[in-house]
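Both complexes shown next keep subunit A, but they swap its partner, so subunit B is in the first and subunit C is in the second.
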Partner chain A sequence: MADGRRRTDPAIAGARCWQGAERCSGELFALTYGALVRQILRDREDDVDATNAALERVGRSMGTRIVEEYLSRTGAGARACRSFEDACEAVAKTALKMFLGVDARTRDWSEDVDECVIEMDTNPLAEFVELPKRYEGLCYCNALCGAIRGALEAVRVRTTCAFESDPLAGNGDKFAIRIKLVEIVPEEYPFDD
Partner chain B sequence: MRLYTFHMFNARGECIHSRTWHRERESADENIERKTLFGLFFTMKDFARQMDPRRGEEDGGCNFYAYATNDYKLHYFETATGLRMTLTTDVNAGDLRAVMRHVYSNIYVEHVVKNPGLAPSEVFESAAFDQALDEYASVLANG
Partner chain C sequence: MADGRRRTDPAIAGARCWQGAERCSGELFALTYGALVRQILRDREDDVDATNAALERVGRSMGTRIVEEYLSRTGAGARACRSFEDACEAVAKTALKMFLGVDARTRDWSEDVDECVIEMDTNPLAEFVELPKRYEGLCYCNALCGAIRGALEAVRVRTTCAFESDPLAGNGDKFAIRIKLVEIVPEEYPFDD
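Then we have the complex of A and B:
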């Protein structure tokens, strides 16, 4: 590490922002999200795949806003999240703590450092939820994948995100998201001349 | 301190918002001026990096944050999302990095990003943003 400023531990930064943040009741939050999922299901006439896609789109547009809040609250500079590894650590340790109060970590890094799993200890979105059989295949928390993807895309890290384990779907006992790097989009001068 | 103009650009080089408090000379062509300014950001970043005699910050980047002329000073701020802001002031203004960050965090994020009626990083009109910015500018001007 170069001399001069030292980087704050991402987990500490997340905890600090979580402490200082204005909060709403977890119950209100979980139920509001539930109402949103319910409405999308109804609009899509219980088409689970279309609902999953819609949730991911909702999440993505949230992500492009959330990332600005993240950058502003953490005081991150113009070169924040410049590597895929930094970006994943920022999501797992800082952002999930800061916005959802969730403790999370990255694991199972691929050899090329272009893929990992973000494992969450808790998931406030899934509180009170039990999925009936007819919604098998519904990725109830897909907005979360969308939000991560949208936020990272805004800082020019293109990824794919999907739940690797989802207790609501009876798969594993913790929520975990597999995140893969597609590309780090280079910064380009936007005009021709 | 005297404040002249404020501009905000998105990553595609579009001027998404601007504010003028004092401007004695009209610009010849605003579009060309903005394009030139945006080109300068890229050139200056490359230039700053090329001239860096040190290894740079731990994250490998260095960039300019202001330039001064004998007539005015231009302050610059950039975020990881490619948002860029400039503020022109008189030459006696000091280091305004904290001021630029304040505008981003407490004015742009609060009034534009959190406003569901506006899209982040797109051209916007917001009375709340303008009011907050003007208030902050007048505090700076009199401070």
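Then we have the complex of A and C:
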């Protein structure tokens, strides 16, 4: 942590990037995401588990692409993700602010610092959404978990990521994501022999 | 037009609403819209015409919902859409700015003032997009036409709406939408007898 203080505060970096970014209306975004979820449900014939998995994949591919924007705009480079802790702080304080305008924080760190919960104050994906009974078990915002996983994987931090509390599913009153470290993939230098 | 000047300038209204709105990153929006298009293509087994139609429908349902936000935030009420001309100016100068951050204008008005072209300076839906050859004929941004139609229909202005030039399809260097008046549906007072 002491080391972390030498760098720009992640919350300040997030707010700064949020200020300068190209943006679109939150409502339009929410409606577009909703249309995507409906389309995937339809394509999967209302199979909720298959839809959850598809949303995760869609999110991962977004995360893989969006991380480049993140790295170039924050000027963070690989440094920001040296440790799992740094990576989680970057997601919570910088990335969620930068891309969704969400204020978030990490909590409930495990003793080994390999697991925590990212708690969000708001969730623009879920605005105006109410899930019909027949979609019980749908993890409507699963693309967000996918996007976090995809973005972190792109900087060699392999994780698992799932909602720990999800008000849309009637579970808790804040959106919170549990994120666990699987491994930090060592950098490979294929041409160093 | 003289009459129009008594009201707030639509461009100023658009910029003001754009300033105050909840927003998300333009890149994330573009990626989400792209995922929606891919999903619809998949669901329609790459049938481009069926996909164009589905995108239009998705857009219409968005437009129908988003017009409420538009009316409440601009304070325009029904007044703003008294005439087809007013409605087109509201779309070009206020709504496109407010929801997509796009600067746009109307041009090429027909003599009867029942048809014009809305030309956009940018198109956040189309950023980072290149269409593979096999999707020739795909109107990638057709949800936008649908949204305009849906929103105007909700205020009783029935139109047709289609891209006149679409750089993604290799047709022109600006996105421009031709919009034609079908009818202004008279207000009905079902309980006035």
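Following the convention adopted for this analysis, the second predicted complex is superposed on the first by the 183 of 193 C-alpha atoms of A that agree within 3 Å, B and C clash if a C-alpha of one lies under 4 Å from a C-alpha of the other, contacts with A are read in each partner's own complex, and residues count from 1 in each chain.
Basically, contacts are C-beta pairs under 8 Å (C-beta built on N, C-alpha and C of every residue); 3 or more make two chains touch, one makes a residue touch a chain.
This structure is a prediction, so every number in the text was calculated from the model and none was measured.
Judged by the touch definition given at the top, the superposed model places A:Y189 against subunit B, while subunit C stays out of reach. Once the two complexes are overlaid on the shared chain, A:E69 sits against subunit B and subunit C alike. Using the contact criterion defined above for the overlaid structures, shared-chain residue A:R82 touches subunit B, although it does not reach subunit C. In the superposition on chain A, no contact is made by A:L138 with either subunit B or subunit C. Touch criterion not met for A:V91: it reaches neither subunit B nor subunit C.
Once the two complexes are laid over each other on the shared chain, residue contacts for A:I118 go to neither subunit B nor subunit C.
Of the two partner chains placed around the shared chain by superposition, neither subunit B nor subunit C is touched by A:L152.
When both complexes are overlaid on chain A, the residue A:V58 reaches subunit C alone and has no touch with subunit B. Comparing the two complexes, residues 65, 69 of subunit A contact subunit B in one case and subunit C in the other.
Residue ranges on subunit A touching subunit B, taken from their complex, read 1-2, 4-5, 7, 64-65, 67-69, 71-73, 75-82, 154-156, 187, 189-191. The residues of subunit C lying in touch with subunit A in their complex are 21-29, 31-33, 35-36, 39-40, 42-43, 58, 61-62, 65-66, 69, 98-101, 124, 128, 143. Considering their complex, residues 11-13, 35, 38-39, 42, 54-61, 63, 78-83, 101, 104-106, 108-109, 113-114, 120-121 of subunit B touch subunit A.
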